[in-house]
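Naming follows writing order (A, B, C, D, E and F), and every chain is counted from residue 1.
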Amino acid sequence: MPPVMSITRTYAFCAAHRLHTEQLPDDVNQTIFGKCNNPNGHGHNYTIQVTVQGELDTKTGLITDVNRLDQIVQDLIVTRFDHQHLNFDPAFQALTTTGENLASVIWDLLVDRIPSGRLEKIGVVETRDNFFEFVGDQKSAIL
Amino acid sequence: MPPVMSITRTYAFCAAHRLHTEQLPDDVNQTIFGKCNNPNGHGHNYTIQVTVQGELDTKTGLITDVNRLDQIVQDLIVTRFDHQHLNFDPAFQALTTTGENLASVIWDLLVDRIPSGRLEKIGVVETRDNFFEFVGDQKSAIL
Amino acid sequence: MPPVMSITRTYAFCAAHRLHTEQLPDDVNQTIFGKCNNPNGHGHNYTIQVTVQGELDTKTGLITDVNRLDQIVQDLIVTRFDHQHLNFDPAFQALTTTGENLASVIWDLLVDRIPSGRLEKIGVVETRDNFFEFVGDQKSAIL
Amino acid sequence: MPPVMSITRTYAFCAAHRLHTEQLPDDVNQTIFGKCNNPNGHGHNYTIQVTVQGELDTKTGLITDVNRLDQIVQDLIVTRFDHQHLNFDPAFQALTTTGENLASVIWDLLVDRIPSGRLEKIGVVETRDNFFEFVGDQKSAIL
Amino acid sequence: MPPVMSITRTYAFCAAHRLHTEQLPDDVNQTIFGKCNNPNGHGHNYTIQVTVQGELDTKTGLITDVNRLDQIVQDLIVTRFDHQHLNFDPAFQALTTTGENLASVIWDLLVDRIPSGRLEKIGVVETRDNFFEFVGDQKSAIL
Amino acid sequence: MPPVMSITRTYAFCAAHRLHTEQLPDDVNQTIFGKCNNPNGHGHNYTIQVTVQGELDTKTGLITDVNRLDQIVQDLIVTRFDHQHLNFDPAFQALTTTGENLASVIWDLLVDRIPSGRLEKIGVVETRDNFFEFVGDQKSAIL
């Protein structure tokens, strides 16, 4: 059986966001989210890590089609979120724009679109010291 | 004469902004600023480099009071801009929120407040691949 | 069931240490630890990665209380070790100050103190090219 | 039972390579590998992460002999590949020089040579945004 | 007078090269260039820093047209050198492919093409620990 | 005239230190140096940047002999300070071990030993956010 490997590709986008949910009163939002609840929003340089696991194609030495993967992530993730305010995105109408939810949303947007192999993990680097990871087998069902 | 040295301290804040000026029609704003002109704004993890040059105090081996410098930058820059939308800041009411203007504004806010030595350079890292530097002798006069 | 996610927060402290154990003769210490056995000690800029895993709170989009986590790590780890000599810390009276033991000690200090979710992993970056990880379910029992 | 830990050591080498296999016609090579198929080759600063897992020696606080590990990786990996063209290496006579195959080859070269503990993972950082990982229990059998 | 600022944009390409000159006998090449003289070549992930200095346009808050600058560097530098062997490039037929010469060549290719402002500096990061800078007022005349 | 270029080589060492001077009373030391005055010392992973400027040798495309430079810095700086306590070094008997003084000391140790070209700048990275630079024409005369 050919070895199973993983490849992690890194992508970047810049976006604004505000942590706030209509499901909670304003003062509770303020208590929970603190300065991230500022109504004018703030923003980040997000780095997204897409990890694909697959069997090695022993002829080519590849586990997935990286060019197609890049095109898919560019079309579905980077173009969608780059230079946008995440709170205005349809995916976040019922979800706060936390790193946790962003990782789940990206997982859901990509999990059925991996050219070959399977999506193993989504990483979201929000700041130099704040990093989120989501590992699943199928749709996380939050979308 | 004691040697002249420089120290560079790095600070970080997260902010939203939108590149847009009322001095130009909307379509010209769009042409010049492209995706950075998105009305909802976007954002960055800004890293600020403050370089202070000074004569070495041969007794202490220091050129400035780093604790006071940190406190000043914290009070005047980080607290002011962190988790804010730059376009709402008074300093940017007549200025676009480009990295160039941000470097100038930070220069002006700090140049007279350095505990000892003199402000030599302000660096603004906006993204991994986009970096601005401003070197002046006095107030840049844009504020 | 809500998705399970992880968040990794990064913290830093600077400390001195010396690799040496009273349980072994001096020449064996020297053989095993080499230049790290220098009696005057040396030091590092340590970076600590604290990974917490938890169920997503679907209302807030969070898996833990990051502000409390930061405060706990600041109080229990950073304040304790920053600008200290690790060999003088009570935790290391019977333990060498290797990256391995440091990871275990930090695990033990934090494992019962995570505000919500559970401690998944402790990472210790000792130098640019030297990194330790400890993953456990409960107290590692070395303290 | 003593805790089980892991240590990751990072090593670097610079090498040229070309993605091409004699098992496929030239035009298929060109389609699959694109610009990486350029006959003159191109190159990278490779960073290799060697993760060793082991039981903590409670006397020394170590899980492996790092000096011997470094010497082994230096002799078997760095000296062999640094400032070389990977396609000329015997290991790659029947294998393409993809990051996937490079991770497998390094796994096979090191798996039986770890001084104590066991090889847990090989990471290959090919570019800033392209990273490969191989995790196995034994020889991957591609060599 | 408007303030003078600088912007540094970072670009990346991967290339092979070999340090060797026909102007010197083979054994002298070997002595001077050591392992970099290996006939099969080796390679690097090059990072290029292009620093442009200019007067601030007080209306837009910009010192140059970044989109045009990016397009020019993409066309003249990245497309030309990415996934190539530098020794086969016409610019290096009479020049060794050292970091010094690469910085000079890039300077010469860009100095007359800056959209506005002037080229202030070219930086070439060859490896993590090896960095070259060239600062000039006009063509360096090596091309 | 051949172009003038600069090369920056980066070196690393790990060391302990304590900020304290016998020229000042203990309480003044404590006020000025704060937690850095802790008698047990603390430590850092120091990164040293050595910038050499020189005329391009148009035959080789080099401005200095990098192998000799590396050997000199290894012998005079890295071997001397790595895994040491800086306060025990003869150079610091009358000097505090600040980043400023460390940069000056390294300048003085290297300025007359550059194989070709001239020493242009010494950079000392003490922590991720703390960086010192010294630029001189000759011995800084603090040694």
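Simple rule for what comes next: contacts are C-beta pairs under 8 Å (C-beta built on N, C-alpha and C of every residue); 3 or more make two chains touch, one makes a residue touch a chain.
If you're wondering where the values come from, they're calculated on a predicted model, not measured in any experiment.
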Common touching chains of chain E and chain A: B, D
Per Cα centroids, the chain farthest from chain E: C
Distance from chain F to chain C - Cα centre to Cα centre, in angstrom: 30
Whole-Å separation of chain centres (CA-atom averages), chain B against chain C: 34
Residues of chain B engaged with two or more neighbouring chains: 128
Chain-to-chain touches, reported pairwise for every pair that qualifies: A-B, A-C, A-D, B-E, B-F, C-D, C-F, D-E, E-F
Of chain E, residues touching chain B in the complex: 3, 5-11, 56, 58-63, 66-67
Chain B residues within the chain E interface of the complex: 19, 21, 23-24, 32-34, 95-101, 103-104, 128-134, 136, 140-142
Residue ranges of chain D touching chain E (in the complex, touch as defined): 12, 14-17, 35-36, 38, 40-45, 82-85, 88, 127-128
